[in-house]
């Protein structure tokens, strides 16, 4: 299956997006250290005292970016894998994966740099188009069996 | 694999649940616009001013519904797919998927309409039964190899 | 596929981690009942009155533990499954899965018992090593096709 061109194309972008999510987690941790804003008292104690068990607006921003990734990239991992099984052409499939990938990278940039609205909302919405397209194509393929 | 009846039955309900999650995301966005309650200052600025960078109880309710979906529907996507590989009968498998699907749809309705407790907790618990059942059956299948 | 030794080894640990997440959800619910701290007014009403619609530090701790699991165990479910398709040796693959599994169990223990820092951060970081290793190996396998 990994030798199937469509599937390996999907896996390529999917794994890059997972790594992108790991990077946001690392950024969140670094911002917590730099701003001294820890979610847990035991972490605050280790880094100067309980007064650093507190919230920080930029830490919360990082966490919203990460949460939005979970809401959207995790479903893509499922939809993309099943979509590959429906036998799409490589060029059409690659277009789906590439649009989603680029939009989600831009979404993280727009979030972390607080780019002017509606940049983030627009890339979020465009990223949903290939997802809904894959969902519809999957449903059409399996509807006969369910 | 997509021509396997059990797997296509699973995929049918799984994709509908992913779409259900997308709908909750859309509802959250619409409630934010209607109630003017934005998580990010840049969004508030575009829609009237920084005073709309604020929390709203119904927006938080939508977010809890979405988060609970992530905690439960994402594991189902994994368990259901692997469970199909264990070779269950179509009728038993369909019962697992259907119970989970119906309970999670009712869970969203109970959450968004704030139905009287313990409606939401009951459908949440019933939805867990097919998941635990699938988990146990998978473990029994693979235990010999691990 | 379920008869493949590497895949069934992966599935074994993956399903145990999903069950571990379910247990954290159950703990969160029990703590909410014991501490009378409910996220929803309808739940508070059923358990004594609206004054119990409130936050509790230990409930929030449970929720952070669960959220961190979602951020890390869900990507593992994807990476692990795809990694199995790249044809690793059983002993190397088992080492990846086992390190991740043990570290994530320790992570939950460190979170729920508020163990002294940096216990939790260390096991979190060690758990990421097999994930990054699998991500890199997958990318090397599919890079030629993407």
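A few points about this structure:
So that you can tell them apart, the chains are marked A, B and C in the order they are listed, and the count of residues begins at 1 in each.
To be clear about the criterion, a residue touches a chain if its C-beta (ideal position, glycine included) is under 8 Å from a C-beta of that chain, and two chains touch if they have at least 3 such contacts.
Because the structure is a prediction, the values reported are computed rather than measured.
Under the contact definition stated at the top, the chains bordering both subunit A and subunit B are C.
Comparing the contact residues of subunit A and subunit C by number shows a mostly separate set, under half of all numbers used being common to the two copies.
Inter-chain spacing, taken between the CA centroids of subunit A and subunit C, is 17 Å. Counting partners per residue, subunit C has 70, 74 as the residues that reach two or more other chains. By the touch criterion given at the top, residues 61, 64, 70-71, 74-75, 78-79, 82, 85-86, 114-118, 120-121, 128, 131-132, 135, 138-139, 141-146 of subunit A touch subunit B in their complex.
On the subunit C side of its complex with subunit B, the touching residues are 1-3, 5, 8-9, 11-16, 18-19, 21-22, 25, 29, 39-43, 45-47, 66, 70, 74, 77.
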